[in-house]
Every structure is written in C-alpha cells, then in structure tokens.
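Structure, as structure tokens:
In order of appearance the chains are A, B, C, D and E, and numbering begins at 1 in each one.
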C-alpha cells in the first residue's frame, strides 16, 4: 500500500515538475523544477531498492548537472522570461501525445517475459552499493573505464570550447593577420 | 565469246569512269568522243554476241564472282546472253551509241559536258547489268542503277528547281515500286531457295498458285514503277526536265522498258498465272488509252512524246500480259528505234527554238530544219503504225494477239488508242513543222542541228523503217526462249479486214490531225471554248492526278513529318524523358524545404519519424496479437 | 555476503583490448606532451597520431590472425567481442583515420589543428568507435558511441567559425535526442529479456517465439530511430547536410565514413537476427528506409548548389544504398556492406580531400559558398591534373566502371539479386543513374565550362601540401586500380563475415 | 604477340593516350595519327591472322580478375566482332587525321585514344563484367567530346546522352547479375563469362524477364524508339568527330550486344519478343525517317537517318536466321562506314560556314562539285543503292526477316522509300538550285585532308558493296554457330519454329571432314 | 493495489513523452537540453524498475552509465553554447539557420 501511495505521489510530482520544465516561460522555474524532478526520481530509485543509484542521481544530477546549468544560465543571462516563437503547436502536441498513447497502449498489455534469467541477481541481505560495486568492477569494468575516458573527453571538450583560445579564429584569418596576432599576443594561444 | 560479253558489259563502265575523271574540269570534247567510242565497242561486242546467238543459239552463261553468300543464300554476279537479253543488249547499245554521238553535239554548249557523259555511260552500264544478269538480284542491281542514273540525268541541270524536283520524284516513285520488286525477290528466294532465273523457274513449277500469284504481283509492281504504269506514271512526264538525249535513251528506249523486260524475262512465271497476266494486259491497255488521251491536248512537245511512250508501254504490257512475250519484246525493240528518233528530233527542234517546248509557238519549221522534219515525220508514221514502217508490224501483232486471245475489250481499247496515237503524233508534227512561222513572234531564229547529229540519228531512221522486216528472223531467234505463240487469225478475210480497217482508221486520224493543225495561226491563250471545256481541262491537267498526289500524299506526308517531329518527337517522346527527369528534379526542389535549417524542425522530423514507426509497430503488433480475431472478422466479412 | 570473486587473468583475454587501448594511450601521450611543452607544431601531433594508428593497425592485424585461427573471441568478462565484423570495421576505421589525419597538414592554417587537444580527441574518438563495434553489450555500445560522438561534436566545433558551431550544436542536440531513443529502446529490450547483450536478447526472444512482438517492435523502433540518426537515414538525416557543410571538408569526409561504419556494424548485430527471425515489420520498414533514403537524398542532391552539400546528400544516399545489405541479410550482403564501404572510403575521402585542398579563407564575389559549383568552372583549363582527379572521384561515386565504387555497387546489387530482392536491385540501379546526374554536374562544370575571369587555377591547390597530395594520390590510385585488389579484399571480407556467422 | 593481340589492341591506345600528355601541342596530331595508324595496322593484322573458316572465338585471352566472384578478363573475337573492331580502329585513324578547327586539340586526341580503348574493349570482351566496364567507360570520353567541343546546347546534350545510356545500362547490369546468379545456382560457381552462360538453358519466363532487362540497356544504346531522343541532341551538338565515332561505332554496341547476349542467351524470349521488337523496328524505320524529313538541320537529318537504319539492323537481328543476322551485322559495318562518312561530310560544310541549317545552303554543287560527288555516293549508299555497302546489309536483313513475317517486312521495306525521300530532299536543299547566298559563292571544295578521310570511305563503300565476301564469310560462319546454338537451346515450340536448324548441314560437314581424315 | 512493472513503464513513457514535447517545443537551447535530460531520466526510472522486478542488476548498471553520459553531454553541450553565446549573444536556435536547403 505504501508502495502504491509513494508511487502515485512521486509519479504525480515528477510528471508535474517535468511538465513545468517543458512549459514554463521562466528559465529559473524550469531549472528549479528540473532539479526537483530529479530528486523525485531518486525517490523512485530508493523505492525500488536501488540505493546507490538514488544517491548518484542526487549527487550527479542535482549536484553537478544542475550546478552546471545554473552557471550556464547565469552566463547566458536567461533569468528573464524566455521568448520562444512557436510554430505549429499542433505538431508538437500531436506527435508527443501520439507517441505516449502508443507506447502506453503497448505497455498496458502484460509482458510475457518467460525466459528471463537474472544474470546478476540481486542477492538478499547484501547492500545495494556492494552489489553494484561488484558488478561494476567485474563485468562492467570496461564501460566504466570507457566512461572515464568519456568524461575526460567531455572535460577537454568543455575546456577547449569555452576557453579563450576560441575567441580568435585562425580559420577565418589569413596568414598576415595570424602573424600580426602572434606578435601581439606572443603566447602559446597561437601555437 | 565470254570476252565479248565482258567487253559489252564493262566498256560502258570504263567509259563512265573515264568521263567521271573529268567531271570537275572544263568541257572536253574528247571525253564525249571516247565515251561514244567505248559505247560503240559495247555495241560491236553485242553484235558479235548476237551473231553468235543467231548462228548456233547456245546461250552464253558466265559467273564472274560471288556477290553475297550467307546461310543458304548464294548470289553471284552471273551473266547470261541468250536470245532475249541479246535483243535487249542490241537495243540498248545501239540507241546508246547514237545518243552518245548525238549528245556530243547536243550538249556542246553545256559546261557540265563531261559529267553528262559520265552519267550517260553509267546508265548504259546499269542497263547492261539489268538485261544481262542471270538472277533477280543482279537484275535488281541494274534496276536500281538505272534509277540512280535516271535521277542524275533528269536532275542534270540541277540549278533548275523543276529538274531536281522531277529527279527526286522519279527516284522516289521508282523506289515505291522497287519495294514491290524486293518483296517479290524475297518471295522467290524463300520459296525456291535461289534467285537464279533457271533455278527459280524450275522451282516455280512445283509451287502453288497462290504463292506464284503473289510473286507475280510483286514483281509486276516493280515493273510498274520502272515502266511508269498507272498509278506510278506521273514521274515520266516530269522526267522530261532532263536533257533531251536522256529522254530519248532512258525515258523512251531503254529504262522504261525494263519493266516489260522483267515480265518477259519471267515469262515462265507469268505463264503459270494467266490471271495475273490478264490483269497486266488490262492495265496495259488502260494505260495505253489513258496516256494517249493526255497526249491529245498537251502543249509541251516532250511531254507529248513522253505520254506517247507511256501509251506504247501500255501496248507492250498488254502483249506481255496476254502471253505474247515475243510480240512485246518486238514492239519494245521497234518502239525504241522510232521513239528515240522522235525524241532526238525533238531535241533538234528544242535546240533550234532555244529550249522552247510549246509546239503552238513553233510552226513552219520544215523550211529551216528539213532533215529533222523528215526524220520526225517518219518516226511519227512508224509510231502511228502505218505500213510498212516498224510500228505497223509490232503494233499490229499486239492487236492480233488481243483479238486471237478473245480479249475483245482490250483489243478495242488498243485499236482506239492506235487512232489517238496517230492523231496526237501528227498534231505535233503539224504544229511544229507546218503552218505559219509563229516563232517569229518570239524573236527566235531557228537553225538546223549539226550535221553529224543528223547522221548519228540516221541508223535509227533506217531501223524505224525496216525493223518490220526483221520480224521473221527475230521470231525464229527468240522462240527458243520465249513461248512459241504464233497468232494467226484463222479467217483470212477477218485478217485483211482488220488490218486494212486499222490502217484506214489510223490514216484517217492522221489526216484529221493535219487538217486541224497544219495551218494553225495563233498561240492559244486559254480562252477558247475547247480550252474551257471540262474534258480539255481534265486531260490537260493529267486527270488531276499529279495534283492529287501533291495534295493528298506529298503535302500530308510533309505535314505529318512535321507533326511527328515537332509534336510527337519533341513534345511527347522527348518531353516524357525530360519530364521524368523534371519530376525527379522538381520533387527535389520542392521537398528541399524539409531541410529548413532550423534545429527545431529537424528535431520534429526525428520525432515524427519515430512516431510514424511506432504507429506502424502498434498496428502491426496489435494485428499480430489479435491475428486470430482479425482472421475471424475478415472471414465473416467474406474478405478472406 | 558476496562470495569473493576469482578471476584468472588469462580468462580475461586482455589482448582483445589492445586495439582500443592504443589510441587511448596515444591520446594521453599527446596531452602529456602538450602539458610539458606547449606550442609545438601540429606536424608532431600528426605523426604521433599516425604512429599510434599504425600500432593500432598492427594490433588489429594481430587480432585478425587470432580470429582466423580460433574464431570468435570473447574477452574481459565476455564483454569484448572480437569477431569478423569487429575486425573488419576496425580496419576501416583505422585506415580511414590514417588517411584523414595527414589532411591536417594544410598549407593554410586552420584553427583546430593548432590544438594538441584536437589530436587527442581524435584518438579518443577512434577508441570510442572501436569499443562500439567490438562488443555486443548495449551498455558498452552506448558508452562507446557517446565517447566518440562527444569528441566528434567538439572536433567539428573546433573549426571555429559560425557555421561549424551551428553544425556542432545541431549535431549535438539531435545526438542527444538519439541517445534518448537509444536508451529507451535498450530499456524495452531489457524489459523484455532481462539482458542487454544482443546474443542473449536474440536467444531469449527466440525461445519465447517472439510472443511479445509488440514490445519487440517498440524496442526496434527506438533503436532503429537512433541508428537511423547515426546513419543519416531519411527522415533522420536532417543533421547531415548542415553538419557536413559546417565542418571542414576533411572532417566531413571523415564523418561520411567512420561513424557510419561503426553504426552499421552495431545495426547489423542488432537487426540481422530480427530479420532472420522473420520480423516482417522490420523488413518492410528497412525496405522503405532504403528506398526513401536513396531516392530522396538523390533528389535533394540534385538541387544543391554547393559541392560539399551535394556530397553530403550523396553520402546519405550511399548510406541508404548500403542499408540494403542489412535488409537483405545474407552473407553476401553483409560482405558487400564492408566491401562497399572500403571502396567508398577511398573515393569519398578522396573527393572531400579535393575540396579541402581548394578551401579558401575568403570567398571571391562570384562564389556564394565555400565550394559552390561555379568555383570549379573550367578547372580543366586552369588545373588539369586536379580536374582529372576530381572527375575521377565523381565518376567513381557515380558507379562508373572500372573505378572503385562500381565494384561495390556491383556486389551490393548482386547480393540484392541473390537475396531475392529483385525490385530493390532495380531501384538501387536506377538510383545510381539519378545520382549520376549530380556527380556529372560537377564534371560538366569542371570540363565543359569556361573558367571564371581571373581564376588562374591557384585556388584549387591553394591548400596543397605534400601530405595532402599524397593522400589524394593514394585515394586516386585506390580508386583507379581497385579492380586489381578486388579479389583479395573480397575473399578476406567474405571469410571474416562468414566466420562471424553473419 | 598474336596471343595477346586483343589486349594490345585495347590498351595500346590507352597507354599512348597517357603518354600523349607529354607531347607538345604542335606535334600532337602527328602523334595521334601515328598511334591510330599503328592501331589500325594491328587491327588489320588481326584480320589477317583471323581464320575465317572457324566459327568460334579466336585469340582468346583469359586472366582471372575476381575469380571468387567469377569475373575474369576474357577476350576473344569471332566473325561478329572482328570487323567492328577493325572499323573502330579505322574510324579513329581517319577521325584524328581529318580533325579540323579544333581548339584544345591535344585534349581531343587524347580523349579519342581513350575512346578507342573502350570501343575495342566492348567488342573484344567475352566476360559480361568486362564488357560492361568498357560499355560504360565509353560514355565518358564521348561525354567530354560532346560537352567540351559541342554546339550551344552541348551540355544538355552530353548529359542527356550520358544519363540516358547510363540508366539503361544499369538495368542491364541487374540483368547480368541475375544471369550470373542463375549460373551460380545451376553450377555452384560464379561466372560472368559469356561462353559459360551460353551453356545455360533458362526456363522461358525467366528468359522473358532477363531479356527485358538486357533490352533496356541495349535499346537505349541502339537507340530504339521510343528511347531515341538523346541521339538527335547528341549528334546535333557534337563536333564532327564525335558524331562520326558515335554513329559509326558507339551505336553498334547496342546491336552487337543483342547478337552477343540477347539472342544466344535467351532464344525463347527472342522468339517470343520477335514481333513486338519488329514492330518497334518498323516504327523506328518509318517514323524516324519522317522525322528526318522534317528536319532543318542537315546533321539532324543524318542523325535521324541513323535511327532509321538501326531499325533495319534490329529487324535483321531478330530475323533469327542466318541471312538476317549476317545481314544485320554487315549492315552495322555498312552503316558505320556510311553514316560516319556522312557526318564527316556535314562537318566539311560546317567547318566552312559554321552552320548546318539547310536553308543557308543551296546550289553548292556548283561551287563544290567534288564534295557533291562524294556526298552523292554516300547518299546513295545511305538509301541502299545496290553495289554499295549498305545494300548488302539491308537486303540481307530484310530478306532474313521475310522468312518470319511477310507483312512486317513489307512495312519495314518502306525504309527504302522513306529513306530516299528525306535523303534526296536534303541533298536537293543543299546542293541543287542556284547559289543564293553570297557566302556560299566562294566556298572551297574539299581539301586534301578531308579527302584523306573521305576517299577511303568511298572506296570501302563501293568495294564492300561489290565484293562483300571477305567480310560476309567470317560473319556467316560465326552467325551459323550462333543460330545453331539458339536452336539447340530453344525450348519453346515457338522458338523451335522460328529459329532454323542448321544441324544437318553441320553434320554433313563433320562427316566429310571425318572422311577426309581417313 | 499492487504496483507492477507496467506502472513504472507507463510512468517512464509518460515522462519520455514530456521530454519529447520539450525537445520539440523549446527554442532556447538551454531549456532544450533540460528536455533531453528528462528523456534520459525517464528511461532511468524504467531501468531501475525492471532491475527491481527481475532482480537483476544490469538495469541499474545501465542507469548508472546513462547518468554518466548525461553528465558528459552537459559539459560538451554547455561548452558549445558558451562559444555560440560569446559570438551571437543568444542561444536561440532560430538564429541558427545559416545552412539550409
């Protein structure tokens, strides 16, 4: 019963929050609602016994991602009302409603799933984090390491793109201009 | 003897090539002389061959080399000199020699003198091939060759629009007939397996009548074109645009008789299909009358003679169609002599009159052109068939044949035509040579032709007079090849009545013509009652047949061609191709807006694509899940 | 408590990781070098990258030998899967990358190549692709895909002009949506089978007899959408022309080859078993995708005024053409896919390199875009050799024998014929004819028009260096003399594909 | 060397073309002529060495190219292809020798040499893919020739030419792949070798489809109605040399391919489609002849006349008997010579007046008598005058088809009428009448360089018209083999009936030879 | 009332659809990125639910990596936005239409 109540409560909340995210005109509201929605989602994770995931959700999303977005928002100065010209709303609403209905129709039907065998079964009495750790560092070691590479890539990308070196474009300058710029700056910016 | 055969055959070719070397240079008289000599050589060789044939009668048959050989088809260049072909060879070479010599004078002032001889000799060569070939394909070579040379010679004065038009008309009309000929040849080949005369004739005997009939008809269609039989006759009158020697040689003596020759040559075929023969005879008789009627009123000297030729060809076909091949051939020969003479005489007149052709503008020329006057008069007498000139013997034989074969309609048509022939021939003579000197009105100073031209014509004159005497010898000779059909009217009385009656009829026509035209005074201007009458107009306009051809065949052809090009080819066929390309391109052009460059649109496309897939998935999934029910419903509805 | 886990090092088969690790090490090395001494000339990084790629290549040769001896190899907790597809696609990836990287040595300076990070990201990207193709675990595929994609977005943006940012943003945003689709699709499969490994999914679905066909279709739909995005299948292609236009020509050429072969391999692993299990729906959809993509992209390519954009659409069309292989699903078809792509790599890289060589920084007045058609007008008069080579690439792309791509088309259409897809074969053939038009358009401009006033032909080689010329030379030779190498390549690919069970 | 003469014939010009890039501009014509002359000499040697009594392939070469997919570099000639190869070499030679007024001469000559490679390749190839390679490759030089040296609409014309043919041949390629697949199914081995395919007897319904696929490719190339509209554009815009080669050789690829592929591979389908194709051929003959008559541009007249003549060739081919097929092959050569010459002739006045509109001329026989003569000879050859080369071919083609259908042959025979109409009309417009235009009064007659090309053509025209045997005999032998093969392979009654059986004769021959041996 | 897997799946789908709406509707790129986050998050719920009901950890693993990916995307995405913003002063995607057709 508790589970049901919690499910419906949080389901309502997440849907509401995310609805606000996609509809509000206030970017700040959107950001806040998104953060709230993320937290509510972590609630599901806890309900479902995925404690580690829930924690990660809060830390990564609400902590890191949202902070990044917040910084971004300040940078882009989108705290004011967001003006968005809308084209044909019918397409948007129609398409998404259709998509939702279709998938819901399918999922409303029972799933057979007979031969499902848990490859990495959840063991009773062992903490979720521990289990996750074991699987992550055996089976999913490679993706884990690759994820590290990916984060490195993202980091480099972020640095490169947001860095000062991008302010001057060598692509658009002809060789004389480049020489000129080199003299002025005399930095490794223009290696 | 083969040597002579080759000489007769190739001397004209040598002559032609020799003359052709000088086509682009100035006039050189020696070209004409050498050409004439070479043609004379051919004539001499032909004479030797004739003598040979007359002596022992063994035909000479040679096979020079293979022409085409593929599959079962084998066509050699084979030549045969037998009684029929040697007769033709004699006619051809003789008339050619004379015409060549004559032309040296006639073409004296023409800057394309050399070219003329090249063409003329080439024509002789083609004609020799035509008559000497021992198979249908070889005959076809000559057949087309003479057509080509005829084209070149009719259009000899190619700066004249009318001449080139006439040349093309002649060529194309002949081509129509040649198609028939070609089909005939195909039929012969596929039914007999060979195109050699002897082999094919042998095989004809085993074929059924239907096939033979078709063969006969198609070959005759070929003959119709070359011999200008109705309805392919219009080109012959127009062909008079060519130089007069050409008319004499090609359009009177030789080429136009090729059709007759073909029928005679294929006598073994036509003997097997008398009904086709009858058709040929009927058509011949019709053409004889038809052409003669047009000659009655025409005001163009050469055209009158051309219609007369046409008419005489009709006689020949009538004879050949009735199985009297030797008679046809005999008339062919005799006709060649006097008609060539007539034409050459007309050439003299033309020269004298500075190319004036309307006899009404002449008159009284006998004073200045005595020689020509005599020759033309005698030729006309021969043409009219008055005893004892050549025409009498040949034409009379045709009438007899028609009578004996009980084709009285043909007989009476031919008889009537004989009268017409006499009338128009002497109408011409009378208008040209008698009466007042109307040409003075036009400031023309006529003069007689060169002497040597008249001398050159003289053999023809002699032959026109005496050819009848050769009938017996000739008959003896050709019956070894042609069917032996002697036409004897059983009752002597009937024979004499007929002969004398005919003669009287003809002479009456001559007298009438003289009476009417001998002292003609003025040049008609189209206002007289006669000229206003319907019949006159009908005849003068050649029964409106050229008009009809122009109006209902040539023009529509041109217009349809134009439509085919501008409408069908450009607007339908090509436009379809371009249209398909255009549709592809246009679709690209129209739908490229899908790439609006706006990210939002792009995302919508992605979602839309997914949703579309999803809908299909759901439809399919539901259908799969409920397939039993669906089948049940469908079967209940009677769909499945 | 969990039992301790004992894993023997041999069972991990760490050798399977070697090809992927080499570029990662290379990338790190570049970063470290830059850390110690900045401002070094780009040639250093080009050569380092080449060296590592070469090592990668050697490692691949090594694994291919292992494969030909012992067949499919699993490694590292059965996560890595070294089969023929993986090896072949990695070969294409590495070779295409080796051909690409010298294109950085341009005569003019462009922004991205002054960053050592460019080369590091490039190598990371290669590693990402390699991981993506060398596994059948959807998670690893996803992570590999994202690693490479994120690096690629950055590489595009680093060209540093408005259009490249626009391109990167567009690509990125749509990529994010595609990532959402991918995860959703994987989720449905996971929900259905409790597994994220493709062979496992196949096995369980097969055991169930596809009872939940509706769910399967939903899963396919989303996965298909995400791969259709990657492979630029109409209507998921909309990013491609813009991104190709925004990116530098060399990068565009690279993008038309490497990411797609990686996506093709995954698509092959994912969809092939479904096709073979008789999922009619998928067949129909793929059929429609193939036909629409080929035809529509061709139509759009017809109306382009910029050569690069035209080539972008042409790449879309080629991708649609190759997609047919997955639909047909026979060994011959799968062979044809790789075969086609090998030949396509040479030709397409060659033609994009030609554009790259003629890249100007400032457009003259008559030129509306970087590589508009009239830029090439009368090229035969001013730069005959370049015109000949460009014409050669165009004819090869059009599928004119005996140039490289003809053999690919031949084999691909043959596989359609063999697979019983007659109508498809005809459509493919006729589409090649439509495509002929736009390739020909460039040929027409180059060979049959008069050059624009003042064009002395310098523009076509303004960016040329020995490195670029070498690459173009290699591509040209590969294009012309492809017929010599057809047989060994074909036999090699056939053996690998067949032994992988495809 | 004789063992590889075909490869040499194919690749010698290509190699020479590559070396040609190094030649100075002034010397390039001499170089081109010498290369083409050597090539022509080689082709004559090939003819000399060719054994006309053997019906099968000679000078076979076989080199594995893609053995795993059954593609091999197989070459060979028989009587069917031999003469077209010689003709191609010949026309390239005189084409280069008589080049006039060409900017960028060097490019032109190099292109022509490449074109020669592809032409020889098409006719020597005995592997479908190799054939296809050369078939397609031949489009490129032609595209360039039309597009770079053509008239005002040259780009449209060249692109249309290329795409149209390209589209058709791609369909044909699908057909070839099918064929190879059937061979694979039957034998378990891939093969694209034509001689291997000959051994395959296909069920009739498959034959029909495959025939249709091949037909599309060939019909566009020929070009057959209604796929012909690229041709007038191509000819109308192409420079003289382009038209000459296009008409003389390239069009023959289509008809040659019918004989090489369609007939022996699909005898039943050939018999089945005989009547429809004959009807198309007749439409080609009559309709295009009428369209030709309506033309105002003399080159278009010749272009449309080509289509009309190709109709006769098609008809002969589908006579399915020895006479017809031999005739059609002979007519290919004949039409090559004659139409090539006619295009050269049109080029002569175009060079002088830079117009091809007939109303701009008239009476030029007065000022250019030699030209008029040669034109006249070719005109007469074109209308099928006996003792010219065309007649032999046309006669045999029609004769052959007459066995199959009387009425259709009668209709097709109108070729000789309608052909005469447009040709004579055009001749009249050009040459006859008074010289009305001032510019035409001082036109120079054909010069030596032009005569260099035209005289040999005239000689061939007449020589082969009088004595076709040296060409016809080898053709005949090879065609007999083809017809026998078709008869043996035919399964349907219709085909058995339409394709004659020559085997009795063959048996007789073998018997006699056996007797001779003993 | 028992909460089954289907409930979670339906919830996930609804959230996914909301995300799609956002993706299609938003013109401000930053807000558009929010929507993509929603997409990934909605899937995560489903993964966790499946993992729970099947008693299998793989789903959680997948969700884990999805989170990592989402985080990386944010970094790159924001980087791109910053560059764009520096030059154009806006992050409105309607302004990015220099390439079309």
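Operating definition for what follows: a contact is a pair of C-beta atoms (placed from the backbone, for glycine too) under 8 Å apart; a residue touches a chain by one contact, two chains touch by 3 or more.
Note that this is a predicted model, so its numbers are computed, not measured.
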* Reaching subunit C from subunit B through chains that touch each other, fewest steps -> 1
* To do: Give me the chains shared as neighbours by subunit A and subunit E.
  => B, C
* Structure fact -> In contact with subunit C and subunit E alike are the chains A, B
* **Top chain pair, ranked by number of contacting C-beta pairs** => A-E
* **Most central chain, judged by mean C-alpha position against the global CA mean** => D
* Centroid-based (C-alpha) most distant chain relative to subunit A -> B
* Can you check how far apart subunit A and subunit C are, centre to centre, with Cα atoms defining each centre and the answer in Å? => 27
* Would you kindly tell me how far, in whole Å, the mean C-alpha position of subunit E lies from that of subunit B? => 94
* To do: Please report how many Å separate the Cα centroid of subunit A from that of subunit D, as a whole number.
  => 69
* **Distance from the mean Cα position of subunit E to that of subunit D, given in whole angstrom** => 65
* **Sequence positions of subunit B contacting 2 or more other chains** => 581, 592, 595, 597, 599-601, 603-604, 607-608, 610, 614, 617-618, 621, 625
* Numbers and ranges of subunit D residues touching at least 2 other chains -> 163
* Would you pick out the residues of subunit C that each touch at least 2 other chains? => 139, 143, 146, 150, 153-154, 157, 169-170, 173, 177, 191, 194-195, 214-215, 218, 241-242, 303, 437
* Asked: Got a list of which chains touch which?
  -> A-B, A-C, A-E, B-C, B-D, B-E, C-D, C-E
* Residues of subunit A touching subunit E in their complex? -> 1, 3-4, 7, 11, 14-15, 18-19, 21-23, 27, 30-31, 34, 37-38, 41, 44-45, 48-50, 52-53, 56-57, 60-61, 64-65, 68-69, 72-73, 75-76, 78, 82, 84-86, 89, 91-93, 95-97, 99-100, 103-104, 107-108, 110-111, 116, 118-122, 128, 131-132, 135-136, 139-140, 143, 147, 150-151, 153-155, 157-162, 166-167
* Which part of subunit E faces subunit A closely enough to touch in the complex? -> 1-3, 5-11, 13-22, 24-28, 30-31, 33-35, 37-38, 41, 44-45, 48-49, 51-52, 54-58, 60-61, 63-65, 67-76, 78-83, 85-86, 91-92, 94
* **Contact set on subunit A toward subunit C in their complex** => 103, 106-107, 109, 111-119, 123, 125-126, 130-131, 134, 138-143, 146-147, 149-150, 152-154, 156-157, 159-161, 165-166, 169-175, 178, 188, 190-191
* Asked: Which residues, counting only subunit C, touch subunit E once they are in their complex?
  -> 138-139, 142-143, 146, 150, 153-154, 157, 162-163, 165-170, 172-173, 176-177, 179-180, 183-184, 186-187, 190-191, 194-196, 241-242, 245-246, 303-304, 309
* Inside the complex, what are the residues of subunit E that reach subunit C? -> 5, 9, 12, 16, 19, 23, 29, 32-33, 36, 39-40, 42-43, 46-47, 50, 54, 56, 58-59, 61-62, 65-66, 68-69, 72-73, 76-77, 79-81, 83-84, 87-88, 93, 96, 98-101
